[in-house]
Structures are given as C-alpha cells and as structure tokens.
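Each chain gets a letter, A, B, C, D, E and F, in the order it is written, and its residues are counted from 1.
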C-alpha cells in the first residue's frame, strides 16, 4: 500500500520559499543554472571482490553499485537467456529519514526504473549469458547501495550501474558436464556483454520551472519529476513520472528536449571515465 | 515455454484482434457496484476487468500517520490470484508496490486533499482479470470511485496505454501486444485540464515516436473520458 | 495469536436491542423469517481466463471465486493424488474494517472450513488429477475473493466455490515425456472431476433464537454460530462452532435439523443455476 | 511414503491399542507446573502432551487493543518443533492460527471477562508431543491454567475428540485413528452447565451418527472433568 | 537492529541494592555462595517421539530440548558431512516479558553460542552422518525450548542439548537407491555420533563481584557476563561476552578459572545422569 | 565445492600473505565520509572495508521505546549484498542479528548514554567488502563515527580478531585464515582503560593459549588505537 509521504506535508514553508525565490531570479539555491548537474565523480573497482563495481557521486549523493554473478537457472519463459536482477537498498546510513527494513516503494521504484531502462533496449546481450541452454545460465545481480542521499538518486544510481556493468567481468567456467557447471570464482575473465550504454536524466518541475539534477531541498518541494532514460543513440528507452502534481504536454516536450541534451553530456562523461581506467 | 512472436499487425494493417491502430477495446464502466464502500466502480477494457473502491475521507488509522494540512491518500493496486495466466501469489509483488505508488501519485494530483486535513482517503484497486492495461484501467476506475464517493477533484483521471507493435503505434494495447511489442506507454491525464498525471514508458521510442504516441493517447482518452462521464450520469441522473 | 475482536466490545447497544427486539416479535430486522436466506444470485464464468469462476451474492454479500490449475508435484504422503488448495482473501475493498495484509484468522478459518468440507467427503476425485504417478499432478487453486462483506461469508463462499469447481475445466495435456508435461493453457477441456456437491448452512444463535444466514448486523451481536457442511446426500461433512458464547445440546440438534432442511434448498438452487448455463 | 491403512478395529472389537471404543487414553494432569506464569497446567492424553500457561489479568499491551468493558483474551496454540513426526517449522501455520481462534472462543464462553475491563488475559498453549487430540488436550489444560491463575469462570472446560474409525464411533482418538479414520470431532463443553463451547467436525457423519458421537463425547468428558477437579484439588487442598 | 533493552533502564533500584548488598556480605540473595549453582535436575526422554530429548532445570529455569532427524542435502561446501541445526525458541509461556514472534536477538544468540560450542570442537562427528556422499545426509535439528525463565538460560540450554544429543538415536535406514533413501521413522537405532561432551559456564559480573549461574534478579542488574564453553578435556571451546559493561583482563582470567572448575563439576553431574538411565 | 586446506603458515614462519604472526593487515581509516550522518567513518583492514554512520542523539522513534534515564542505542550490523563471495540476501541473517547485539553491547560500555535520556543514538554499520574481521572493523569504525558525531565516550573502542592457524597464534586474521584456522577470537577493548567490551571465541584454545591470544590482541590494538586517534586528528586538527 502506498501512502502520501509525511515529509511532503511538513516541508518548512521557508525552505519552499527559498527554493522558489531563487528560481524566480534564474538561479538555484546552490547557485547552479537550471540545466547544470552538480559535480560528478566516478570511482571504478571500489569492491574488488565483486565482478564489477563503481562508486558514483553527484554532488553529495553517493551510490555504490556492486555486480555479482552466479550460476543458476533461466526464467521458464526465457530458456535461452541469462538473468539480470536489479535491486536497490536505501540503507539507514544514507539519510536521517531512512529506517531499516525491506526496500520501500521508493527503493523498489528506483530499481525497477533502472531495470527497465536496461532491459527494454537490451543493453545487455542476455542470450550470451547462457551456459547450458534451458538449464544453466549466468545470473547477474546489480545491487544499488545508496550511501548518502542528497537528491537525484536515480540518475546517480543509473550512472553507477552502467559503470559497474561495463567494467564487470565473469569468472572462468572451468567445466560443464551435463547440468554441473564448475566455475573458478577467483577469476575475472570475459567482460559482461554490454552492448548499449544508457543514462537517466531526471527533470524536476518546481512552480512551473524545469530543471535537471534536483538536490534534496529541491526534491522536497518539487511538483513532479520526469525520469527519462536515454541511450547512446539518443533514443528514449524508459520514462517515469513521479511526484504529486502534473505536467502539461508542453512541459513534457521541454523536459525531453532537456533530457536528450544532458544525456549526451552524461554519456560522454561516462565514456571518458571508463576510458581512463 | 517460449512462444514464437505472433503477427501483431496483419497485412491489412489491422491488429491481431481486428482493431485499427487507433481503436480502443470495447469498454464497460459501472459506478456504485459495492454496498460497503463509499464509492466504487467496475471498469473493463476488453478482457481486462478491474474493480476499485474508495473509503473516506475517514479518520486516519493509525492516527500518527495523519497529515496536518491535507488528507492522506492510501492506495493499493492488487491483483487477484486468479487474474493472471499463472496463479499469482497473494503477497504484494515489487510490481504491485511500484504501481500502487504510481497510481497514488496520479490521484494526488487530481484530488483536493487539502479540503480534508487529518483524514485518510483509501483507494483499493483489485484486478480481477488481467489482459493488458491493468494500471490504466485501475486508475480510470479509481477516479470514478472517488467521484462516486463524492470527493471533490480538479478533474476525473482517464488513462490508457499506447504501444508500439511491429513498428506501428497503437492505442490501448492488450496483453499479447504488450508481451511481444516494442513499447508500452501508460498515460493518465486530467482530460479537461489537459494535464498529465501518469506517464511511464517501458520500451524504446525515438523522440518523434514519443510525441506521436502521446498524441494517440490523448485522442483515445477523449473517448474514455466521455464514457466515464456517461457512467456517472447513468448512476446519478438516470436512476439506473 | 488470536485476540478478542475489538468490534465485539463496541457494538452499539441500540443495534443489539433492535436486532433482539425484532427477533422477539418473530421477525428479523430486515423483515425475513428465522429460516429465510436473503436473495441469492449466481453468475458463472465471471473470469473467463480462469479454469472456472463464479460470482455469488447472498443479499449484499458478494464473493468471487476463481479456479486456476497448474502442473506440480503431489504431496509426499499422497503420491497418487492431485492437490487442492483453498485460499480466502478478505481484501480491504470489501469492508470498512478490513486492512491490507496477509490473511487473518477469519479468512484462514473460512478457507479451512471450506477446504475440509470438500476434502473429507472426497468431493473432488483427486486421484483423477494424477498425470505422472508420484511425480506430476494437477494443482487446483480455489481462490475465494470477498468483494463485499455484509454477513454470512462462509455460506456464500461455499456456494461460489462449488459453482466454480463444478464448471471448471482443465487445459489439454499436449504431451508427457518423463517428468516433462506440456499443456496448452489456452484450452479448457476435461471437466474437473467433482463427484459430490456440498453446501454450508450457518446457523446463528442470538439471545437463544436460532436463525440462518445472519446479515452483518446480526453477526455483530450473535452469541455463537454453527457452520454445517451438508452434502447432496444429506450427510454432515463438516462442522465448526464459532463465536464467543456456547450452545446447549438441544440447540445444536435444532441447528442441525435446520441446516439439513436449508441445505436441500441450496443444493436445488445451485443445481438449477448450473443447469441453466 | 504412503502407508497402507492399518486395522483400526480388531476382530475382538477393540481398538489398535487395546482400548474399547468408549475408553479414554491414560490421562495425566498437573497444575502449577511453571514458576513465572500466573497459572499453568501440564496435561497428557496418552502420548499427547500439552502445557498451558496463563498470564493476567494484566495491563493490555499495546494499550490501544484494550477493550473498554471486558478483558481481552489473547490465545496462542503453538506446536514445539519436535512435537510432530516431521520437525515442524516454528512459524505459525494456518492450522495453528485457526486453532488459536477456536480455542480462544471456547474460553471466552467460560471466563467472566467482564470482571476485568481494560486488561489482557494471555493463554499460551504449547504442544510438546502430538499424538492426536492436541487441541482438546490444550483446551483442557488452558482451562486448568486459568483456574490455577485464580480467574473466575462459569465452569471449567473439558474437551476430547470422538471419531469414527472402521465404521465405529470411538472416544478420544489418537493420531493413527485420526489419520486413517472417517471422522474426527473435537468437542469442548462446560460439563456442569452442559454447554458446548467448542465443536468441530472433520469428516463425514450421518445426522444419527453425529448425535451418538456427541453422546459419546459427553460421557468421556464426565471423566475428564473429574480428573480436572482432582488435579486442582491436589494442588490446592492436599499440599502436594 | 539491536536496541538497548527497556528492562535495563527500569530495574527497581531496590532490587539492585538488595542484590549488591547481599554480595557485599559474601552471599547471594537466594543464599548461595558465589561459586554455587542452583539445584540441577536432568530428565531424559521427555519426548519419546523425538530422536532424543531432555528436560533440564537449574533452579526454576526450565529448558526442554528435542532432537529430530530427517534426510536432506548437505551444505554445498561440506558435501561429506551431515547437517546440525541448533534453534532456540523463547516462547511467551516462559516469562511475563516474552511476546510471540520470530526468535529475537537473545534467542538467536543463545542458539548460536551453543551451536558454535558444539561445532568448533567437532563434538558430533558430522562425517558419520553422510548417507549418499554429496547428496543425502542426516539433518539433525536440536530445538531448544525455554519453558520457564529464571536466569542463566544458556548453561541450562547447553546441558539439555548435551543430554538430548548424547541419548539421541537415528532411525533405521531401510534402503538407499540412487538418491532415494527410505527410513523407518518408527525406529531408534544407531546412537548419534557424539564424540565430545561440552558444557557452558556463565560467569556474571555484578559491581565487581564474579559469580556463576546468575538467577533472574542477578541478571537484571549485572554489568557483564562471560559465557564460557568447556569440553570434557578442559579446553575452552567457545566464549561470548554479553552485557552492557566491560571486564578487566584480570576479571576475564578469574572468570575462566572459575568456569574451568565448575565445568568439571557439570561434566561429572551430566555423566552421572546419563549413566543412570 | 570443497577445497583442500591451504598452507596457512609457510615454512619460513610467515603467513599465507607474507605477514608475520603478530602483524596487522594494512589499515586505512577516514572520518567524516558522509554528509547526512552526524558522524561517520570508513575503515579498511586489508580487503575488509566497512563504513559506519551515527545519527543522534535524536528523538526516539517510536517514542515509547525511549528510556527514562539514558539514551537508547540502536545498532545495526549489515552486509551489502556484494560484500561476500556469494551474493548475500539483503534480509538480516541470524549472524547479522547476533553481531548487531554484540557490537551494541560493546558500544554501550563506552558511550556516556546517561547524558542523553529519552533520546536515540543510531549506529549503522555497513560491510562493503568482507575478508575476515568485519565485526571488529565495524566496531572500530562505529567508535570513530561516534567520536565524529561528538558523542562523549569513556574511551574509543578498538577491535581486532586474533586467531590460531596451523597451531600458531596470529593477529588480525583474514577470511582464509578464519575459514581454515582452528580459532577466531574477536576482541574489542577501550585501550586507555584496558577494559574488554567485546570478546568472543569461535574455536578451541587451551587456557594457556587463550591468555597468549589475548596478549596478542592487546598488542595489536595499541596500534589500531593509534591509527584511530590519527584519523580523528587528521579531520579535526589538520584541516584535511
């Protein structure tokens, strides 16, 4: 069951005024322009024991993604494909408002939006993850771990996911006899078959203004937000509106235009970070 | 079992069930179908069948969740175990949790929650038979149930999914088209205001296709909105 | 853990008086006689995608039952029988007092009472649901979905269950090779092997009066209730006392006599509804 | 493994364990077996062994569950993991949830709950070894524990299951008779008042058989009641 | 998540004073010396249907342990060993402060401390519990059931565990064909291969005094406690500090000395009880 | 797969990774690594990597858990799904529940909880990569995070595990030594006071070995303590 979040009702009026007054003057409370991301950093290989990993910061928002692989069975309706599982945990370490417990609707939504933005354009060639057709395939777990929540979790998580997946390597398959697959867990050999890079650009609407990469103060007062997945070819590969208010059609059109532009920059930044390793 | 992809757009340009790309499925709507609920509606889009009930505004339970300045909306999208091809476990799935949120947020935009501080408005959506478009059918039914409960809204919410199948943009996709198509885009709007309260895209579209798909949705939602008003009219003005 | 229900303590005294005063005058608050059911309607095939389904109303109490079938393994101690599973969900849509969550003790009791009334007299020939002896059998899920709760859930649910089961058809088994069973889910062929029809008649005791089919106001003030399963041969195939007070022996005898009489009527009604399809 | 049905009624008319149809199993009852509990009892019917404890009347926890006009009874029937043939998972099964309710309702009829408004009376029943008749043994033990806790009751509750095996009505069925018999009918009464507080039938009986089965239960329960009173007497009057 | 227990803050000051004043005078509130256990009784075979069982009382603290066995699969990283599972339930029957629900941190800690004290010194020859190497082994469930909590649960539970395990017998294996193992559950034949006896001695620290076998009043005011597993050879086979205060090094040394001494007595007592059967 | 036991102490007396028995692994500590938390620290012992955050003292939630005379400590030790060799399910395991308790009790001994009655101090420990010694690394990090949050303590807590491998007592065992060794003994102390706040032994030691193992732990903890103070100094006095 989904409930109106308590926070929505209790944002201090003053903060709301500050955010909006700032926008009216054409700037944001932290001084950025409407189309500016905060500073982005990408650290690769943070968790050497994982198949792939990346720590990404957008401003003070910090997400660690670890990719693990294991041998398992394919889904019954996809016997010739490996399995990708995307999970997100918002651990209580990351925010004074988080409590321990199973993933809440926000963590689930984050994981599922990212999952679909990977799955729908077939960013990973899952068919190359088959070992014994119909019986044994690679299961790829992409675990999103939010360490510090200061707004725009989804864009940060998508970047960290992409960086972790694109640098992930599968262990060596030592032998396959019937259904018995032996792997050498200590190895990292074949790269994960990632054939397409995807980023997500979230566009927030606050009092009629559209802006990218909302920080946590902006998120607390926004009317609505559009999370837009864009692949390296400039196609829209996923979208999700969130927030308690609406968009007009022309706002949606503007948001998409903005997202396509920023997505190009994010793709370039990500490629550079990966090239630099 | 993996099945071969069926033909979704036939040589004559019609869809697998004979519809034109811009056709809705046969739609049924009935308001006030439950005795206990303060408002309720049963909506069918083809074989998709969803019932929604509204309780409230009523005292928030437990009390500490109440909001000082508006009604709290609690929303649950839930599928009956027999609604799906394979029996669905009654425990809420991750999908149901996400859709409960997406639908709640769509309704928040429509309801004048500020009129009922410290209360709860409960929206319960039960999918009885699923054949594609359950979230949009559920949202459409929920907004009717809210109206039936007499809860003031900026506008009704009408919702439908558009899709891309065999390269063609089509309105109101069913389960087969969802499963084998290239994109599924559920859209919910307040038709009179023209505003978008629900928008998801599962699939790949070029920016141009996206705009055309949204056009198609708006066109279909005009008809959905008309049927919603008709259903309310039938209950409240025709003595039916 | 089972707790005294809160409602029991907070029924308005006025309602209690109304119910009882009415009974003293020989009638019930809704005008019925002690031995009268409310109006019953049976709609078959409400959920065409299910193997069988029925929507039954007794007065305003509405129950939808859907029957699904799948291939699975038999219970270890019943290797030559199919599996019947009866579940009941009291979804919050159905009553202002219901909350979302796993089935509570009332839903569980309802499902189990109905399950036993089917299982004990072998209403379904489970042995005919075997596909590969000891390995593969039909699993039959009978899901009871309460949509509107206005009293006497159990009698309504049993009628809906019986109507759904008796009209249910199994998909075609396309092939069986070893343990691999292929079915064509789109088909509905062989009827479910139902060999015996069962109904349940609930007799309520209020202030010493015995009456059938209590409505929700009567249920809120009743002392005790006897749910009596009766098959088409007039045998008692299940029984359960509920409620916070007791029955005398002679009250039990009267309740059974009443149940046997009403059960005959329910069986006739059900048979007519099924013949009329 | 499936086993062949064993012979339940031998040629000499006796049961598989040598009892006559109207015989109870050997019964042991002991009151006040726990130090912490306000009242407790250990009851054995043959190999079935159940312990019950009562805490209260005490402050309701959490407070909002308290009832304004009577004590709230909380009742849990629970099986130890080692009590059954195959180890039982400690999580409450649907069966345990149902039996907790059935037993609670039987006790509600006996306890003068109206004497202790706003309090809780907790009844915890633990099945230590299960060999048929655990709910009736548990109910019998619970009523002793309530008496031991000094909680006023209309009457003690005595309970036993009758069954039909190989066509014969028998008293106090054990696990084997339950498993392979035709009917199992647990009965709980307030013997002095003659009133029935628990009644279930799992199986098939003709109306005539049902009456005879109930007669048989009443006869056995006279003896159970005698043993209950004796157990209380031993603790409270004999200094044992 | 672990929380400071509420009880810790609300122990009546008077009780604390009584306990401490008593210790100052060289005795304990119940009259025992610092190194005295309360009276111990061991009843064997309490649950004849279990493979082994024992009811142990230390003072009024009562623990029932039942051992069940079944056929199952070995852990993947221990293909040639049977499986031992130790669980503890603190059922609400045992104390006015216990509530129903899944095992809390205290029950889990108790089970795990006992589990390790058995597992680390290989008290049970798990390799003798293999039936089909890599496929089928005996699973041994050691279920600790606390019936009356009056302090020092762990020492009591360990004694009951040891008594139950050392008297447990496995059912007969009737046949093994491939992976299919048939056993005769009604039999009790081969003793469980217990090769080493272990006891645990808990030493409490209260206001600087060290004492064994704290009763419930002493536990409610203790600073810290050291649970020390000692095998029959006088080796330390497990240890766990609990409680909200600290030990000095020399207190730890004294506690161990004390534990070694008392462990010898417990071993002797246990052996006598087992010999007497 | 079962692996053969590797050689843990080489012929030259060194350990599998080249350390001497009394050597710690390379240690990194960084304080104040998170923005939201009131205090935080990242600590690495070799490949083991743990982050800890502290929130509080703040209002207890829910309020009824608050203690009248001291702060309530809530402590969670949790492992990231990617921290272990095989992916770990996010649901708390029995091991994590036990370690949360053991670590909480170690911190209770150090924190002046009596200074903040009715509040909560939350300690969240996340194991990011596990290679042996995660609980001691976590406790070490937690005490730094508490210091970083400005919460008064009797002393910092420094922790490390000693072990016995191939018959030799060694300091700061890693995962391989834990898995194939004979004993693992995590020790947490307040170094300045010399008091022990955490002590566990998983394995077999003679009383004499136990004393020597404890000596070894104390020796190593001197160095850990020095590094802790250095890390705090770096943040608070060096402007780093």
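The rule is short, and it goes like this: contacts are C-beta pairs under 8 Å (C-beta built on N, C-alpha and C of every residue); 3 or more make two chains touch, one makes a residue touch a chain.
A quick note: this is a predicted structure, and the numbers were derived from the prediction, not measured.
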Checklist entry - Can you list every chain in contact with both subunit C and subunit D? => result none
Checklist entry - More C-beta pairs touching across which pair, A-B or A-F? => result A-B
Checklist entry - Of the pairs given as D-E, A-F or A-B, which one copies C-D, with over half of its contacts the same by residue number? => result A-B
Item to check | Where subunit E and subunit F are represented by their mean Cα positions, the distance between them in whole Å | outcome: 27
Item to check | Where subunit D and subunit F are represented by their mean Cα positions, the distance between them in whole Å | outcome: 51
Checklist entry - Distance-wise, how many Å sit between the C-alpha centres of subunit A and subunit D, to the nearest whole number? => result 57
Item to check | Distance from the mean Cα position of subunit C to that of subunit B, given in whole angstrom | outcome: 31
Next on the checklist: Two or more other chains touching the same residue: where does that happen in subunit E?
Outcome noted: 1, 100
Checklist entry - So which stretches of subunit B touch two or more other chains? => result 1, 76
Next on the checklist: What's the contact topology between the chains, one of line, ring, star, complete, other?
Outcome noted: ring
Checklist entry - Starting from subunit A and stepping next to subunit B, in what order do the chains sit around the ring? => result A, B, C, D, E, F
Checklist entry - How about subunit B: which of its residues touch subunit C in the complex? => result 1, 34-37, 40, 47, 49, 51-53, 55, 58, 61, 76, 78, 80-83, 85-87, 90-91, 122, 124, 126, 128-131
Checklist outcome for this item: Listed in rising order, subunit C residues that touch subunit D in their complex are 1-4, 6, 8-10, 76-80, 105-106, 108-109, 111-112, 116, 120-121, 224, 226, 229, 231, 234-249, 252-253, 256-257, 260
Next on the checklist: Going by the contact rule set out above, which residues of subunit F touch subunit E in the complex?
Outcome noted: 1-2, 65, 67-76, 94-95, 97-98, 100-105, 108-109, 113, 183, 185, 190, 193-207, 210-211, 214, 218
Checklist entry - Can you list the subunit C residues touching subunit B in their complex? => result 46-50, 53, 60, 62, 64, 66-68, 70, 87, 89, 91-96, 99-100, 102-103, 141, 143, 145, 147-150, 182, 185
